[in-house]
Structure formats: C-alpha cells, structure tokens
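Each of the next two complexes has chain A plus one more chain, namely chain B in the first and chain C in the second.
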Partner chain A sequence: MIWSLIKRDLILAMRSGGTWLYGLFFFAVFIALCAIALGGAFNVMRPFAPAIIWLAVIFSAMLSFPAIFQSDFEDGNLAQLKISGQSLLGVCTAKAVSFATLSILPLILAAPLAAILFDMSSVSIAAVMLSIGFATPALAIYGLLAGAILAGRQGGGFLIVLITTPFLIPILIFGVEATQSYVQSGLGAVEFRVLIGLSLISIAVGLPAASAALKANLE
Partner chain B sequence: MAELFSRMGDSTPIKAHIEISDLAMSRGGMPLFAGISTKVLNGDILWIQGDNGIGKTTFLGALAGLHMVDDGKISWRINDHPCQAGQITAYQPHASYAKPALTAREDLNFWASLYGTLTLAETALETVGLSTKTNVPTRKLSAGQRRRLALAKLVISQKPIWIMDEPAAAMDQDGLKLIDDLVRNHVARGGAAIIASHSPARVLSQATRKLTLRATS
Partner chain C sequence: MINYLANPIRFLKFSKVAAPIFGWLSLGTFVWGLYLALIASPPAIEHGQSVRMMYVHVPAAWGAQMAYTALTIASLVSFIWRHPLADSAARSFALPGTAFTFLALVTGSLWGRPAWGTWWQWDGRMTSVLILLFIYLGYLAIWNIIPERKRAARLASILAMVGFINIPIIKFSVDWWNTLHQPASISSPGAPGMPPEILWPLLVMVTAYTLLFGWLSLRGIEADIVKSRKTRAESKPAATATIETL
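Now for the complex of A and B:
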C-alpha cells in the first residue's frame, strides 16, 4: 500500500501543472538574490556558499511543507485511507518518501548549478550534495510532522514555519559544518555521523509522532 | 451486475454488526440528536432520514469511525469480537473523493490495490456504467458519474457494511436503479447498508428499517 500511495502522489505531482517545482524555483531565486546582495565577487562569496545553499534548501522545504497533507485532508482521501484500515504510519512513510523525491531531490540535483554561481570547488559541491542527502529524511519527516499537526487548520502555513524551525536548526548547523569538514576528513567527518543520527532519530520519533498527530486530526 | 457479484463469491464470510446505544452527538458545540439506539446486522438495510442540518452526515461519519461521540457508544463487531470500524465498514461520503487529475480507472485501481481487489476493479467500472469513461480524468466526469465511481469503490472494498450518504443525489433514473440493485445484491449475499436519503425509503430486503433523526429539544 505504501508503494501504491507513493506512485499515486508522483502521478498527481506530474499532472499538477508544475506546482511541485515551486520549491525549486524558490531555491534558484533565493541563491541568485544572495549572489547579487553579496556583490558577486567570488572571493567574497565562496566562504558563504555552503551556508547560502543550505539556507535555500531549508526555506524551500518550508515552502513545500504545508502542501504535504493539505489536498488529501480537504478532499476526504485521508479520512478514507484511515477508515479503509490502512496504518497511518504507512501513510506517513509514503508521504515522506514522495516529499523527499519531489521536493528535496530536485534541490540536491540543482545544487551543482548553484555552486557554479559561487565558483565552488568540486569537493565542496560533492560535500553540499552529500550533506543535504544525509539530512533528507530528517527534513522530510519534521515537515511531515508539522503538516500532520496542522492538517485542516486555517492559516497553518505560518505555524508550520514556527513549529519546524527548532527541529531544523540542528540540521542546518551540522549540515553547514559537514560541508566544511568533508574537505579534510571526507565522509568520516563527525558532522556526517550527526546528520545521519538526526535522520535516524526523525525516523524513530518523528514518523510515529506524525501518524499520531494525523490520527488526532482525523477524529 | 451478476458477473461482478459472482466474482465476489456467494456470501460475505464475515459476520459483522454495529451496535449503537444511547448515542448523542453535536457539531461545533451545538447538540444535534440524542438517545439513538439501534443495531445493524448482516442482511439489514437502515434508512436514515431527517431534516437538513439534523446531523445525518455526522451520524454516518461516526458509524464509519471518523468522529468522536458525545455520549453513548458505538461498537463494531466481527463474529461478536470488538474490532475497528474500518474493518467492517465502507463509507461513501456526500462529496466525491476522487482525485481530479487521475482517470476513473487509476483512481479506482489505487483503492483496489489498497483493498487487495484489483481483479474486481474492471468489472466494477463496467457495472456502474463507466466502461466508456475509464480513461477520462475524474475532473471531467459529471457529478452523477463521480457518484457512480464512488459506488464502484464501495463494491471493491469488499466490506460487509456500506455506509452511504445521499447516494441518490445527482443520479439519473438509471443511476437510482443501479444503487437499488447494488444494495439489493450486497444485502442478499449477507452484507448490510446504512443509507441517508431524502427520497422515500424503499424496501430492498426483508430487514429494511427506517430511523428518523430528531433534534434534541
């Protein structure tokens, strides 16, 4: 059933007229504006590049969080999923996978293009991509948790930012640190282990919490 | 119709029932009705009637396990053992829950894959009269055709108790007959149906009853 739901969400995204790409547009615009604001000199921008790309990822993800459960909640599909006897944990897992595929994966793939703008070395580009990749489960699941808590509430978009910020701060700190230490220590850098740890915690704690929040909202 | 139900086997294997005792519900803090007690067993048809705003939809939602109740109790049972509402009920809400961007076939197949009844999906589409619309996105279907799709989902759910909210709305004469036939066949093989409707209750099985909701004074 998890695979059926993922497949359905991917088909719906492809037929949505490109709304799933808004996050990617926002990511590109944010990075371009940062480059303009910093004056465009490579030697000034290069040290800030990983931090800017990471900020762009976080903001872009936040922009996509409210949509995770919105339409399925409003049109009654979530209620039907619940009463059809499906486990909400499975629903949340499927939603996390489709969110990671539709909203985070495009950012990872676009990161090298952003890196050209900042004249980053190929090692730093790899570091940025890897650090975002390892943090993807945590990014997706904490967004999912906030989306589940606020499903069906008016004006939830603003609260989603407030709820997710504390969860995203450690990811941001270690994500940026990981890109810097990758240059010296490679994947063995301790920051990568912390990122993986954060992702594992999100799977162990965030997913059940999201399914509990969804259950409460469906009653 | 005959083909669809013969593919599903002669009788539903599950002995299911819903027992409602002294139920009271409210919506948004306003009390709706109170003191409802009844029982729905295999082979029953229960028509729910009442004025607009009396709480028919809230009542059906509660029977499907979607709402908390204020007072009283609803218990769902398989072979006299308590179970989750979703194990024995299928719910057709008033509004369509078809995904507008999916075709009728994709939308039905998604639910069929969850229920494990993919083999029934194609026959179900034919039976509800959508065989020429299988590749049409559901957003381009008429209101009545979307209701037919929802009926197909009830059938493929293979759940013993159908809960239907105004299934006749937006349906043509042929569609009304389709609903009656589906319910009659379902009940004949041991299923049960709870139907909210404004049209007069029709006797579709020997155990047809009527429940009229009245406001709490």
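Now for the complex of A and C:
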C-alpha cells in the first residue's frame, strides 16, 4: 500500500506539468539573491556558502510543506484512505518518502551547481550534499507533521513556518556544523551521527504525531 | 483530588475559592519580594545595582519553563483521555507562559546591557529561550486558526508534546553550537554559591511568580469553561433564509 501511494504521488507529480520543480526554482532564486546581497566576491561568499545552501534548502522545503496534504485533503483522497481502513501511519510514511524524493532530492542534486556559483571546493560540495542527505528524513517528517496539523486550513503558509522553525533549528545547526567538520574528519564527524540521530528521532516521534494529527483532522 | 476536580462544575466551585487565594497571595509575595529585592538586599559585588534585574529575570525564566511543563502534562491528559478540562488548562497555561518567556527575554536583554555590554548574544541559553517563545507562539496560533474546539485541542496537544520532546534536543544543539562558535565568556551569576541575602529575595520572587501563574491559569480555565459552555448553549437555527426585496 505504501509503495503504491508513493508511486501514485510520483506519477501525479510527473504529469503535473512541473509544479514539483518550483521548489528548485526557489532554491536557485534564493541562492542568486544571497550572492547579489553579499556583493558577489568569492572570497567573501565562500565561508558562508554552506550556510546559504542550507538556508535555501530549509526555506524551499518550508514553502513546499503546505502542499504535502493539501490536494489530497481537499479532494477527499485522504478521507477515502481512512474509510478504507488504511493505516494513517502508512499514508504518512508514503507521503514522507514522496516528499523527500520530489522536494528534497532535486535540491541535493542541484547543490553542486549552487556550489559552483560560490566557487566551493569539491570536498565541501560533498559535505553539503551528504549533510542534507542525512537530514532529509527529519526535514520531511517535521514538514509532514506541520502539514498534517494544518491540513485543510487556508492561509497556513506563515503559520507552517512558525510551527516548523523550532524543529528545524537543530537540523540547521548540526547540518551547517557537519559541512564544516567533514573537511577535517570526514563521515566520522560527530555532527553526522547527530544528524542521523535527529532523523531517527523524527521517525520515532514525528511520524506517529503526524498520523495522529491527520486523524484528528479527518474526524 | 484530580478525579474530583475533573468535573467542570466542581472545578468552577473550587476555582472560585482557590483563584482569589492565589491572586492575593501572589500580590502579597510580590510586594514582600520586591521590597526585599529592590530595597533590602545589598548590591552584588561584581554586578552592582544591576543585580536587582535578576529578581525579575530568573523567576520569569523559571515560570516560562514551568508553564511549558504544565502545558505538556495537560496536553498529555487531553490527548489520552480527551478531557475538555485538560484542554482548557493547556490553553490557559500557554498565555502566561508566553508572557513569562517574553519577559525573561526582555529583562535578560536589559540586564545583559550593563552586565555584559551587549543587548543580545547568540548564546545557548538565550537562543533556546527564544525558540521556546516560537514554540509558544506556534501553539497559540493553532488555537487561533482552528475554529472547532475539540480538533484544535487535539492538534495543539500533539504539537505541545512533540515540542516538549524537542526542547532538550534544541537546548543541547544550541549549547553545543555556542561552544563551537564562541568560547563561553558568559556565565550566569553562580547559583550554588549565592549568599542568603540574595537567595532569599530570589526565592520569594519565584514563589510570587508561581502563584501569579496559578492565579492567571485558574482564571483562564474559568473563562474558558464559561466560554465553551456558552457556545454550546447557543442553539443554532437549522436553516437561515434571507428574503431580499427589490
């Protein structure tokens, strides 16, 4: 069931005419704006580059959060899934996987291009990609939780930012730290373990919470 | 005791007696504590007169954390047993908690200026209190944006509990972040080695804040019970029709 839901989400995205790419456009625009605001000198921007890419990922993800459940909630798909006796935990798991694939994976793949714009070294490009990759479950699941809480509400955009910020702060802190310590100690850096730990905690806590919130919204 | 009070009518009766006690006791301890803190206690050796800021700052920070713990316990009860009184309680704990958090930040900033020479520092403790404020605001926003009471209570309780689990993580992360970025140049005035003439006013002020929190939340619960009963009592017409005449 989970697999068919994921497949459905991917097919829907492919046939949507590229709406899933908007997050990527935003990512590119954000990075361009930061480079312009910082004056465009490589030696000034290079130390900030991992932080800027991380911020671009976080903001792009935040803007995609409201869409996770919106259309399925409005057209009654979620209600149908619930009536047909599917576990909402499974629905949430499927949604988390499809969100990670559609909204975060493109950003990870686009990170090297962004890194070229900042003239980053290849080691720090790898570090940025790896740190975002390890944090992806946590990013997706806390977004899922906020999306589930606000499912079916209009104008939840700013609110979703407010709700997810406290949960994303540790991810941002350790993500940026991880990119810095990767250069010295590689994947063995403590920050990577912490990122994996944050992701595991989000799976243990965030997924059940998101399914409970979804259930409350479907009652 | 808790079982007995779980009935809203009995709770209202209890609150009618208890709330004024909390209120007046709080006022009394505030007067006593402020006298001790602002007039009777000596200025500290390193901090001078600005140490008096501590007597409003530390209890506010304590109140902020206490309120969030109470909020989480009420949310847990509300989530498991779906008890409407727990909803009212959780909702009423949030507003004083937000106010205490904001007060802790403002007084801390005002104290930081003379003590450390800066209004703000991205230090572990300040950052985590700021994040606590965000969590409170998000919690209150859910109550605001969702009109159906039961659903709002359930969703808000989920957020409060997940937030509670995250608080140690946030604290840990910002503490570590701080030590990595800027070596700790700041430490709050040592709690264990505090002389009694400073400790006593502080304890009185903490008691005063706690009583104030009790009073505010009891009054909040009362108001919430009355309000939810009123919305239930309003019978809505089955259908409305408007006749427009040209």
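By definition in this document, the second predicted complex is superposed on the first by the 219 of 219 C-alpha atoms of A that agree within 3 Å, B and C clash if a C-alpha of one lies under 4 Å from a C-alpha of the other, contacts with A are read in each partner's own complex, and residues count from 1 in each chain.
Keep in mind that, in the parts below, a contact is a pair of C-beta atoms (placed from the backbone, for glycine too) under 8 Å apart; a residue touches a chain by one contact, two chains touch by 3 or more.
Quick caveat, the model's predicted, so the values are computed rather than measured.
Peer 1: Between chain B (first) and chain C (second), which, if any, makes contact with A:8: first, second, both or neither?
Peer 2: first
Peer 1: Tell me the contact category for A:128 with respect to chain B and chain C: first, second, both or neither.
Peer 2: The answer is neither, since A:128 touches no partner chain.
Peer 1: When the two structures are overlaid on chain A, which partner does A:107 contact: first (chain B), second (chain C), both, or neither?
Peer 2: The answer is neither, since A:107 touches no partner chain.
Peer 1: For A:219, select first, second, both or neither according to whether it touches chain B, chain C, the two together, or no partner.
Peer 2: Both chain B and chain C are touched by A:219.
Peer 1: Have a look at where A:84 lands relative to chain B and chain C in the superposition and call it first, second, both or neither.
Peer 2: A:84 contacts chain B only, not chain C.
Peer 1: Contacts for A:153 in the overlay, against chain B (first) and chain C (second): which applies, first, second, both or neither?
Peer 2: After superposing on A, A:153 lies in contact with chain C but is clear of chain B.
Peer 1: Kindly classify A:209 by the partners it touches after superposition: chain B alone (first), chain C alone (second), both, or neither?
Peer 2: Touch status of A:209: second partner only.
Peer 1: Using the superposition described at the top, determine whether chain B or chain C touches more residues of chain A.
Peer 2: C
Peer 1: Looking at the overlay, what does A:139 touch: chain B (first), chain C (second), both, or neither?
Peer 2: neither
Peer 1: In the superposed arrangement, does A:165 touch chain B (first), chain C (second), both or neither?
Peer 2: After superposing on A, A:165 lies in contact with chain C but is clear of chain B.
Peer 1: Considering only the contact definition stated at the top, list the common interface residues of chain A for chain B and chain C.
Peer 2: Correct list for chain A: 219.
Peer 1: Any idea which chain A residues touch chain B in the complex?
Peer 2: 1, 4-5, 8, 11-12, 15-16, 75-77, 79-86, 218-219
Peer 1: Which part of chain B faces chain A closely enough to touch in the complex?
Peer 2: Against chain A, chain B makes touches at 64-68, 84-87, 89-91, 93, 95-97, 99, 101-102, 106, 110-111, 113-115, 157.
Peer 1: Where on chain A does chain C make contact in their complex?
Peer 2: 145, 149-150, 153, 156, 159, 162-163, 165-167, 169-170, 173-174, 177, 194, 198, 201, 205-206, 209, 212-213, 216-217, 219
Peer 1: Can you name the residues of chain C that touch chain A in the complex?
Peer 2: Touch residues, chain C against chain A: 79, 131, 134-135, 137-138, 141-142, 145-146, 151, 154-155, 158-159, 161-163, 165-166, 169-170, 172-174, 176-177, 180.
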